[in-house]
Amino acid sequence: MSTAPSLSAWLARRLGAVLLVLWGVSLVAFSLQIICPGDPAELILRTRYETPAPEKVAQLRQSMGLERPAHEQYLAWLGRVLCLDLGRSYRTGEPVAAQIAARLPATLELALASFALVVVLSTLLGLCAVWRRGRWLDRVLQPLSLGLVSLPSYWLALLLIALFALDLGWLPVAGFGGPATLVLPALTLGLGTAAMQGRVLRVKVLEALGQDYLRFAMAKGLSPARIVLRHLLPNALVPMITLWSMSLGSLLGGVVVVETIFAWPGLGRLLVESLLNRDLPLVQGVVLLMALAFVLSSLIADLVQRLLDPRLSVEGSGV
Amino acid sequence: MSAMELNELWVELPGPGGPRSLVRGVSLRLEPGQVLGLMGLSGAGKTLTACALSGLLPAPLRVAQGRLRLDGRALDLTRPQAWRGVRGRRVLLLFQGAGAALDPLMRVGAQISEALRQDRAMAAAQARQITGQALERFGLDSDAARRYPHQLSGGMRRRVLLALAWALRPQMLIADEPTNGLDAASRDEMSLMFTQLTRELGAGLLLISHDLRGMARWADHLAVMEAGRVVEQGRAGELLNRPSHPLTRSLVESLRYLEGGHA
Amino acid sequence: MSERRPGAGRVWAGGLLLALMALAVWAAPLLAPQDPLRVELGQRLQPPSAAHLLGTDQLGRDQLSRLLYGGRVSLLAGLAASGAALVVGLAWGVGAGLAGRTGDFLLMRTADVGLAFPGLLLALVLVGAWQGGMVALVTALALTGWAWWARLSRGLLREAKSREYVLGGRALGMGGWRLLGCYLLPQMWPPVAVAAAMKTGWIIVALSALGYLGLGIQPPHPEWGAMLQQSRLYMSRAPWLMLAPGGAVFLVVLACNLIAEGLRRRWQIREVRWL
């Protein structure tokens, strides 16, 4: 007897796990302060071009609460974070939350554009390969997609820039502005993932094609159109939708490099800049936000899969 | 309804050394309302015959030759296009393991209704009604239609297939090992339901099974296959009492052994 | 390709490619025509020629030599990080799979924290914060990867535990360690091998990505990612500069993926599902 838990019970359990994980993430983010060599107070003074005289450093340390024991500092920090106060940048003194909010839209734009690209392109690649299975298109697409998956995004970016921006002059080299500037970054970010998902889609559709329920649908006398639309596609798409939901999170990972190459004013570039400037609060803020987004996207992916597949959500007594 | 005749079915497998015939010139005759049992050892070609009779041979197998007479019309089995409009309406194949062949993402009732409405001008409400009747006829309760396949036990899923056959009313019903994996009592029950369905619909049932006892009990006619050919065919009673082919004789002997005693 | 063993072609192709590259970078002192650090301002940004097979960069340094020496670090660090992540993660996951409910819960929640950081994020931040050398780099990358291995090995172990022959072994009274060694672990090697090939390629890309961002191995020691980043600045004047380092990373990853694909076909493992 296999009983699937009700939706609310399942959701409650998952949320509990998510909260635990986020707590762990906060620990990691906080501990960056500890592993970062150097005195934060000295750091602040240096980045503001002030000489770190010992009295000034001590004074600053006191006001920042750096003399208190670690766990007290952590709790204070966590309390602030939960109130959405992410501290102030070492370098500029501006609130971190405001800076992050300012840069967020650019990253969202890039992520969504890449996501759309991933969905469309992977579907095309996967279905093409199945439709023309065994013929030359499929034979070419297989190694081609393996090559695309192996292509490092930063190299792909440079090649695309060299070809489309410098050689052909169709698209701008970098920068943030109209839709033309979005093309190359989105392409760079999404192409590798799209190729990978296309391969998986091909496998899933081929699997679905070999399933008995398709044969049975034919035996029942259903038209090919109906079989494809009502039986093949749903069964192939359910695992795909889960994968797509998960790829949204992993696109976040590639955002850092892509934004740097294309001078895209988003969170990824902010992170790299802050790391090079040793501006810890900004780093912590971005890390927290990205981890949160990633964890939530996995949760949504699981939720979506659960809602789409009755075998996961509806109580079953069958074998 | 008139008898259904299969003439000279040849199924071959293309290969590097030329095509290999796996079904050689099989001819069968099915009377309406009667059960024809197809027996033989594994690999004799029974399942391939069943698949060919519905245009569902797995690639790369193909029908080299064969005609099926249904309702006065002859179907050329070598042409896959012949099956549009015939499959599901005049011929229904319940292939081996079909109990697991229900789409896991669609409710059971919908899977019957969609077959009903295909190519027939039938309103959704009417299809639902017939589906409900069909499921009840085979002992499934009224909200079985709204269940998903994984919520039903194996036995219940097989009854869903019976309900489908009842709803679609084909002239020829082919059942490949419908009682596989069932215990003896359930086997008898399932065979009885199949037989009753056949008589009720006036259809011809081609029953493929390894269950010798069941065949002996329920089949009206029997055909024995070996290595792709039909080696003996006739009325069940005659075949079982006076088998002429060596294979038939050994099958009948094992049947006697099962029924008679272990002396 | 019709081979008696499916996938053998890919494994051989990938393996050969990887072996050639490893050999080339290992023999860098013999093969490199020049000192990779030698600056020759008179020879800046030269296109490929007989003297400099891959041209020179903006400081007149020979690209080929830098490529070979840079590869030593990339491959070595990549292998070390991948190996460390694999060993730690595997032990962690197997431990979780064998532990009771609480042990499993605690171990896997901790691994979940490791998995909560998308892609490069954790390695990036750790390297940026530590500012150490090679050791810090390898450790940071290993810390990025171990959790994935833990999740994978736990899943594989649980799957293996439920197989019939394991139940049979237990019915026969086989002890825990024997069960583990004879039945459970051998089941796991094929998917682990496939995943190891894939992940090694990924780690080498990550390593070079860090180099590109200026957070990897520090100059003047050559590194593929850093070379690529510099080639960006001179793209219009010297477009050939970006082909060699990027191509090198690409070939290494391609080789790893070919091996993974080949092994997958050989052992008919379904696509690894976790992330």
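Some points to look at:
To keep things simple, chains are lettered A, B and C as they appear, and every chain counts its residues starting from 1.
Operating definition for what follows: a residue touches a chain if its C-beta (ideal position, glycine included) is under 8 Å from a C-beta of that chain, and two chains touch if they have at least 3 such contacts.
What you are looking at is a predicted structure, and each value in this text was computed from that prediction instead of being measured.
Nearest to the overall CA centre, using the mean of each chain's CA atoms, is chain A.
No other two chains have as many C-beta pairs in contact as A-C.
Distances between chain centres, each the mean of the C-alpha atoms, put C farthest from chain B.
Work out the mean CA point of chain A and of chain C, and you get 21 Å between them.
Averaging C-alpha coordinates per chain places the centre of chain A 52 Å away from that of chain B. Centre-to-centre, using mean CA coordinates, chain B is 55 Å away from chain C. If you check the complex, the residues on chain B that touch chain A are 54, 56, 85-89, 92-95, 97-98, 100-106, 111, 114-115, 118-119, 148-154, 156-157, 164, 168.
Residue ranges of chain A in contact with chain C, taken from their complex: 17, 20-22, 24-25, 27-28, 32, 35-37, 146-147, 149-155, 158-159, 161-162, 166, 199-200, 203, 246, 249-250, 252-254, 256-257, 260-261, 271-272, 275-276, 280, 283, 287, 290-291, 293-295. The part of chain C that touches chain A in the complex is made up of residues 109-110, 112-113, 116-122, 124-126, 128-131, 201, 205, 208-209, 212-215, 225, 228-229, 231-232, 235-236, 239, 242, 246-247, 249-250, 253-254, 256-258, 261, 270-271, 275. The touching residues of chain A, counted against chain B in their complex, run 212-213, 215-223, 226, 230-231, 234-235, 238, 308-311, 314-319.
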